[in-house]
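Paired with subunit B in one complex and with subunit C in the other, subunit A is shared by the two complexes that follow.
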Partner chain A sequence: MPIQSVSWVSKTLAVTRKDIVSEFRTRYAVNAIVMFALVTLTVISFAIGLLSPSKEILSALFWVILFFAAMSGLAQAFIKEEESGTAMILRLSCAGSIVFFGKMLFNLLLLITLSILIVPLFIVFLKISPADWIIFTGGVLMGLIGLSGATTIIAAIVSKASVKGALFTVLSFPVLLPLLVAAIEITRVSFTGGSFADISAPFQLLVAYDVIMITLSSMLFDFVWRL
Partner chain B sequence: MAGCFTPGLFCIFYSLALQFRNDYPLKLMFELEVKNVSKWFGTRKIFENINLDLKSGQSIAVAGPNGSGKTTLLRIIIGLTVPTAGEVVFSQENKKLDFDSYRSSLSLVGPYLSLYGSLTARENLKFISKVSGTLSSDSDIGEMLEKVGLDGRGDDYVLEFSSGMQQRLKYAAALIKNPSILILDEPTSNLDDEGKKRVFNIINQYRPDSIIIIATNEKEEYSLADSVCQLGE
Partner chain C sequence: MWWKIIIFFGMSAVIVAAFLTASPMRAADSLGPVDAYRIFYFHVPQAWVASLAFLISMIYSIRFLKTKNMEYDTKALTANKLGVMFAVVATVTGSIFAKMTWGEFWNWSEIREVSIFILLLIYGGYFALRSAVSDPDTRANLSAVISIIFAVAALFLIFVLPRIYGLFSQHPSDSILNESGQITMGATVRIIFFSSLIMFTALFFWVYNLSVRVARLSANLLLENKK
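Right, the complex of A and B next:
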C-alpha cells in the first residue's frame, strides 16, 4: 500500500468534510439549530407585535437568537461522537488540534448558514435593516468566529458529562459574555448608522476575544480530548 | 486597532505553524514496555504490577475472566486511561516516544469502537486513512475491503451492516493505517467461521513485523500470540 504524507490542513479539512457529509445525511444539528432560530424569531416578532422597540433592544434580540440557536445544536459535534463510540477512531487517528480545528470550522460553517437564513427573516419580521452593512457583516462574522471557537472546546468538555444539554448552555454563557457584549454593541452601531470610530473599542475586544479563545482552546484541547 | 491585530494574528499563525507537521507512518520497529502498571477504581484493585516487554514481531494474549481488567489494560497501553501506578513506554531505537509520535502506527479493534454509521464503508476507510496520514487510493480501499470479505459492500452505509460485518470493517479500518502496533480486544466477537478464519490469517500475516496484543477469553485465540498474560489470578 503506498504511504504518503498528508498535510495538517488536509487532515483538518477531512474532519470538517466528514462532519458536513454526516450532517447532510442525518440533519442532526441543522434541524435543531434552524428550527430553534425560526421559532424564537417568530415568538419574538409576535411578542413585540405593534410595539416599536429601540434598536438597542433589537440588536440584543438578534444575538439572543443566534446564541440560543447555537446552544441547541453545536454541542452535537462532540456528543454524537462520544455517544456513538466514534470518538475513539478520531483519538487514535489524528492529533487533537486537527479534531479541534476541523470541528470548529464545521461549527462556523453551520453558524454562517444559520445567519444567512436568519438575517433576512429578522429584517422582514422585525422591520429593521442595518444602516451600515459592512459594520454589521464584520461584527456578525467576528462574533460567529468567536462563538464557534468557544462552543467547540466547551462541547468537548460537556461531551464527557452525564447531563450534557443543560451544562452546555450554563458553561457557555459566562465564557461567551464578553463576546456577546461586544457583538451586540457593534450590531447596535450598524443599526443606528454610526461610524467605524464608534465600533473601535468593541471591535478590538471582539478580535482579541477570538484570537485568545481560539489560541488557548487549540492548546488546551488535547487535555480535554484525550481522557 | 492595528496594535491589537498584529500580535493576535501572530499568535494564531504561530499556533497553526506548530501543528503543521507531517506524519510518515512507515512500518517502524517499536518496543513497548509496561512497567509495574497497577489500576485501582476507588478502593477496588483491578490489577497490580503488570510488566510486559514487547518488540516488533512479538505478540501477547491478555487473558482473564470478565472484570479482570483486560480492556482497562489495553486502554492504558494506548494512552486512553491513566494507570494508578506505573508507566507505559513506547520507544524506537531506545528513544522514548510520546503518544503523538506513535499514534499513526497504532491501530485498535474493539467492541467499544464504532465506525460512522452515516458514511459508507468506503467513505469510512478513506476518512480514517486520510486523517491518520496514509493516503489510500480507491484500489487500496477496494483491496482492503476484499481482504476482510466486504467486497461489493463498499458503497453501503455502515448503519445497514450487521454486527459481524461491522467487526470486519473495523479490521479494514485498523489495517488501512498499515499499523506497527495492533491492539485487538475480543478479536473474533460477532464473527462467523469464515470471518474468524480471515481474522486469523490477517493476524498471522502481521505477526512477523508488528507488536500484537490480544485481549481474549477464547482459548483458540491464544495460538495467535507468542505468550499469554493471565489477569485476575
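Right, the complex of A and C next:
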C-alpha cells in the first residue's frame, strides 16, 4: 500500500513535532541537558585549566561531556508521557514503530542542539580546534545518531520502572560502550589531524552499530511499548 | 541425588589432581612461578560457565518474548544469577594470575579483561532493572528486552571492537586448540582440564536445576496463598 508508506513518514514527523512543541512549552529536557553539559564542561576546564592535556585526552573528555549530558535528559522523552498520562493516548493513536522513530528523531534533534551549543564552548575553553572539520562533524553526527538510536528504547524501558534515577545511565553504558570507543577514536583523529584512511575502521564500526541498534530497537520496541 | 554425589567426588578429584600433578605451564609461556599456571584448571572452566550462562539466559529471553511463558523468565533470571557468580570468580582468579605473571592486577588494553568487566556491568544493569520494576509481568518483559540488547552490544565489544581499538590478548590463543583445531595439551593436563570443564558445567546445571525448581515451588506457593 503506497499510501501507507507516505503517511508513515508524516505520522512519525507528527510525533516529533508534538514533542518539539511540548518541549518549547516546558523546556525541561533542553534545560537539563544544556546545563548538565555546561557544568561538566566548566568542571573539566577548571580542573585542567593550568595543565596542558593532550589532544587524545581532550577527545575522550569531549565524549564524556556529551555522554553524561545525554544521560541527564534523554530519558525524559518517555517518562514525561507516562507521568502526564498521555502515553495511553499515544499508544491508541499510532503504531509502535511510529512512536519509536518519532521519539528517536526528537532525541537526535535535542542532541544536535546540544552539540551546536557545546562545541564552540569546548573549543574556546579548552583551546583546541579540530584540524579536520569534516571528520569531526561526521564523527559527532554518526555518534549522536547511534546515541539516540540505542537509548530511545532504554528510555522507554526506564519509564516503566518505579525507580528511574540512575537506572537509565546504568542500562545505557554497556550498550553505548562500543559507540563511545569508536566515536572517541574518530574525534581524536580529527583533533590530531589525520586522513580519511585513519578513521575508516572506527567509522565502519559506527555505521554498523547505528544500523544494527536502530533495527534491533525498532523490532523490540513493541514489547516495551505495548505492555 | 546421584548428581550431588557425582559432582562431589568429581570436583574433589579435579581439585586434588590439579595440585598434585605437573603444572600445565609450557615452554612457550615462561612468565611467573610455575605453580601459578595451575589456576588454568579452574579459571578457564569458570569463564566458560559464565559465558554459557549468559547464552542460556539470552535464549530464554527470546523464548519468553515469543511465548510470554513466565517459566522462561524464571530460567533466564536463574541463569543470570549463577552466571554473575561464575563471572566474579573468573575475574578474581584471572586478576590474581595476571598479577603473578604479567605484573598487574588489571590492564585495560587486554581484551578478555575488558569484556568480562563489561559482562559484570551488564549483569549489574540487568539486576538493577529487575529490582526497579515491581509488577512481575512488566519485569519479565523489560528484562527480556534488555537482555537481547545487551547481548548484541556484547557481540560488538567482543568481536568487532578489538579490531579497531588496538586491544590485544595476552591470553595464549593456542592453550586449548592450535590453529588446525587440534588439542595442544599433554595427556595428563588434557584429562584434568576436560574433567574440570565437565565438572564445572555439571555443577552449574545442578545448581541451575535446583534454583529453577525452588523458584517454581515458591511461585506455586504464592498462587495458593492468594486463593
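Note that the second predicted complex is superposed on the first by the 221 of 227 C-alpha atoms of A that agree within 3 Å, B and C clash if a C-alpha of one lies under 4 Å from a C-alpha of the other, contacts with A are read in each partner's own complex, and residues count from 1 in each chain.
Rule of thumb we're sticking to: a residue touches a chain if its C-beta (ideal position, glycine included) is under 8 Å from a C-beta of that chain, and two chains touch if they have at least 3 such contacts.
Predicted, not measured: the structure shown is a model, and the values here were computed from it.
Counting the residues of subunit A that each partner touches, subunit B and subunit C differ, and the larger count belongs to B. By the touch criterion defined above, A:K160 reaches subunit C but does not reach subunit B.
In the overlay built on the shared chain, the residue A:S22 is in contact with subunit B alone; subunit C does not reach it. When the two complexes are overlaid on their common chain A, residue A:V207 makes contact with subunit B while staying clear of subunit C. Once the two complexes are laid over each other on the shared chain, residue contacts for A:L171 go to subunit C alone; subunit B is not touched. After overlaying the two complexes on the shared chain, residue contacts for A:V181 are found with subunit C alone; subunit B is out of touch.
In the superposed pair of complexes, A:S10 makes contact with subunit B only, with no contact to subunit C.
Once chain A of one complex is fitted onto chain A of the other, the partner contacts of A:A95 are limited to subunit B, with no touch recorded for subunit C.
The interface of subunit A with subunit B overlaps its interface with subunit C at residues 208, 212, 227. The part of subunit A that touches subunit B in the complex is made up of residues 1-11, 14-15, 18, 21-22, 25-26, 84-86, 88-95, 97-98, 101, 200, 203-204, 207-208, 210-212, 214-215, 218-219, 226-227. Put simply, subunit B touches subunit A in their complex at residues 1, 4-5, 8-9, 11-12, 15, 19-26, 78-82, 99-100, 103-104, 106-108, 110, 112-119, 123, 127-128, 130-137, 140, 143, 173, 176-178. If you check the complex, the residues on subunit A that touch subunit C are 150, 153-154, 157, 160-164, 167, 170-171, 173-178, 181-182, 185, 201-202, 205, 208-209, 212-213, 216-217, 220, 223-224, 227. Residue ranges of subunit C in contact with subunit A, taken from their complex: 65, 118, 121-122, 124-125, 128-129, 131-134, 137-138, 141-142, 144-146, 148-150, 152-154, 156-157, 160-161, 163-165.
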